[in-house]
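So, here's a batch of structures to check.
Okay, so chain A shows up in both of these, paired with chain B first and chain C after.
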Partner chain A sequence: MEFAIFFLFAAVAVIFALVVVLHRNPVVGALSLVASFFALAVMYVLLEAPFLAALQVIVYAGAIMVLFLFVIMLLNLQHVAEPVTRPVQQFLGYTTSAFFGIGLVYYLSKYAVFNALPEGPFHADARTIGIKLFESYVFPFEMVSILLLAAIVGALTLSAKSVGRPGASESGAEAR
Partner chain B sequence: MAFDTTDILLSVLKIAIILGLWLNVTPIMVWVERRGSALIQDRPGPNRVGPFGLLQSFADALKFIMKEDIVPAQAHKWLYTLAPTFGLLPALTTIAVVPWGRGFLIPEMSLFGRRLFEGGRWFEPVIANVGAGILVIFALASLGVYGITIAGWSSANKYSMFGAIRASAQMISYELSLTLAAVSALLVAGSLRLTDVVAHQTGYFILFDTIKLPAWNIFSPGMWLSFIVFSVSAFAETNRLPFDFAEAEAELVAGYHTEYSSMKFALFFMAEYMAMATMSAVVTTLYLGGWDIPWYNEPPTFLGFLLSFLAFLVKVGILMFIFVWVRWTIPRLKYDILMRIGWKVFLPMAIVNIVIVAAFIAAGWL
Partner chain C sequence: MIPTHYFLILSALLFTIGVCGVLTRKNGITIFMSIELMVNAVNLTFLAYARQFHQVHGLIFVFFIMAIAAAEAAVGLAIFISLFHHRDTIDVDEANLMHW
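Take a look at the complex of A and B:
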């Protein structure tokens, strides 16, 4: 039973991941990414970690919504089939990723150790993860928050051209 | 986890009860909405089909089924068809983790001389009592906005597209404050599990050694900010009137479902009312004591379960009437106001409330 569910959702995850890469329509790609992450969340449920599963959906599905916005707003969605303009680059891209994939599978099959899980109860609830995160891993945790802050500041500096310019519509609305 | 037939049957029974209730929410609420709006606007409202127009919803349903189902030529066929289901899915599934009554012990029963189970069975009236509790609600609810966005995008209509963009921008601005507001209630209970959240609210606060108040979160002063933030964000979450920018019939024809007709449109309609019911149930669970009856200690029997279930339904019903009341009282806000409120008012309020609650807990008052 558990096995059947695992293989069903593993297949779903892989198929949708392929759709993300291969489909021409960016909106369909973004949606397939949601489906793929959702199938991944089912894996966490099978590992008896529903907390991680819920976080997986909240964090990633929520983030993809932003991606969606960018796709809809920034790309003009005229259905034009783009011709292959750079054959050399395309060939290089395909071969490199193929070699990378083969190498990854080879490395995993050779060096990965498929041990049985350690004995004892498996804890992946909010309390355990919180304590781990804020005791053992508090430094990387804070580093990540600084990284994200830097990303936000960077995005603001790149996008907010109108700030400070007199007569800009945004600052005018804010002044009121 | 070990299951036996009894557990599976009980789960099926619970799902049947809740699904039956939630599917009936739409016709009932359509009637309440129409009659309620008529009451507020001082006109009779639908009163031709059945007594008090009670059968109006069935007439509406029949109309939906008989209408022609149109798919625009320019639409993305697959996504256009899938979108209403995406909208309905979270509305139907999130209720699974909300407890709707006091648990009770089912005594030993026998059927046709065969004993069904040994020595009684504890019946917990919640479909899935998972440890991640409220996070499951937020996870599935965050998928709800995809229904609207996909519908708007795949219709290939500029008004639908505007509705879709508004829905996603709206979601980004309120969802953070919604989640952070709920954190306060979870902090007090010390658990993400919603049965624990309700169990924590079953006692009393005693004021000045004389007045007994139910220990609901809404009666504790540390919770008022978060209650305000959560309940207002709930209106945004369900796309109800002060915040229904994705639909905004005065500006966008009908917003994201402009092109939809027949049962596909009816699914959006159902999703809206079911999401309303679910959000009411969540507000009830987090702030209004869930199934707790004030000043009454429900016995852990079948009677106690029935009474508490009734209390839960009454609370949800009252909240849903408030949803209708607000819709016909407050006009639609301007589109950027929700964003400004979400980021500049509600987010700080929710964070301040978390600090207050944490300080209360540290001082041992809660």
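Take a look at the complex of A and C:
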């Protein structure tokens, strides 16, 4: 039963990830990425980390991907076709990533095979993570809060530059 | 109980798909989504090893990676909005201001 769930959602994750990479329309790509993240949340539940599965759904599929969709729709990219240029580089990209993947899977299946899990239950619920987070990881936690603040300020200054200033858009139009 | 290396191989496949997207696509937002895919593959690896070795540190790392991915997505998308305002495209071939 567990194996059936694993293989079903592994197939879902891989297929939707392929749609993200291969589909021309970025809106379809973003929605497929949401589906792939949901399948990964199922993987997290199978790995006995239900708290992080909830975070995966709320933060990734809920917040980050909605940001992506907002930006895609804000920029009105649905009908922008991607012209095929640089075929040699594209071919090299496909072959390099194929060899990379084959090598990775080969060495993982050869050297990273663990036979047995250690005995005893593994508690990875919100309580355990919270205690660990505020005991040994308080300093990184505060650093992440400062980093998020810096990211907010940076995103505002970057994206509001040509909208907020009245003269900026005209000078941008002249430069084009 | 599903063995750990199943999860590792799934994670390797997802990471490879992400690498393929970064190397072959030209749409900036698609490249960004491929990077998110790679980040998630690494998260899966962290959780698989956390269960294998009964360590909570891997879970804490996934927590931090999620927070930093949120910051990265916000700043990266702001850069693409700025690029779109200046160039009217997010094709990364067009972003050649620092090109030699």
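We adopt the following convention: the second predicted complex is superposed on the first by the 132 of 176 C-alpha atoms of A that agree within 3 Å, B and C clash if a C-alpha of one lies under 4 Å from a C-alpha of the other, contacts with A are read in each partner's own complex, and residues count from 1 in each chain.
Keep in mind that, in the parts below, a residue touches a chain if its C-beta (ideal position, glycine included) is under 8 Å from a C-beta of that chain, and two chains touch if they have at least 3 such contacts.
It should be emphasised that the depicted structure is a prediction, and the values quoted were computed from it without experimental measurement.
Judged by the touch definition given at the top, the superposed model places A:Ala4 against neither chain B nor chain C. Touch criterion met: A:Thr96 reaches chain C, while chain B stays clear of it.
In the superposed model, A:Phe68 lies in contact with both chain B and chain C.
Touch counts on chain A: comparing chain C and chain B, the chain ahead is C.
Once the two complexes are overlaid on the shared chain, A:Val88 sits clear of chain B and of chain C alike. In the overlay built on the shared chain, the residue A:Ser109 is in contact with chain C alone; chain B does not reach it.
Of the two partner chains placed by superposition, A:Ile146 touches none, neither chain B nor chain C. In the superposed model, A:Val28 makes contact with chain B only, not with chain C. When the shared chain is aligned, chain B and chain C each come close enough to touch A:Leu55.
Residue contacts after overlaying the shared chain place A:Leu18 against chain C, while chain B stays out of touching range.
Applying the stated touch rule to the two superposed structures, the overlap between the chain B and chain C interfaces on chain A comprises residues 51, 55, 68, 72. Contact residues on chain B toward chain A in their complex (touch as defined above): 76, 79, 130-132, 135-136, 138-140, 142-143, 145-146, 149-150, 153, 161, 164-165, 168-169, 171-172, 175, 192, 336. Considering their complex, residues 1-10, 12-21, 23-27, 29-30, 32-34, 36-37, 40, 43-44, 47-48, 50-54, 56-57, 59-60, 62-64, 66-75, 77-82, 84-91, 93 of chain C touch chain A. Of all residues in chain A, only 2-3, 6, 10, 13-14, 17-18, 20-21, 26, 29-30, 33, 36-37, 40, 43-44, 46-49, 51-52, 55-56, 59-60, 63-64, 67-68, 71-72, 74-75, 77, 80, 82, 85-86, 90, 92-94, 96-98, 100-101, 104-105, 108-109, 112-115, 117-118, 120, 122, 124, 128-129, 132-133, 137, 140, 144, 147-148, 150-152, 154-156, 158-159, 161-163, 169, 172, 175-176 touch chain C in the complex they form. The touching residues of chain A, when paired with chain B in their complex, are 25, 27-28, 31, 34, 41, 50-51, 53-55, 57-58, 61-62, 65-66, 68-69, 72-73, 125-126, 173.
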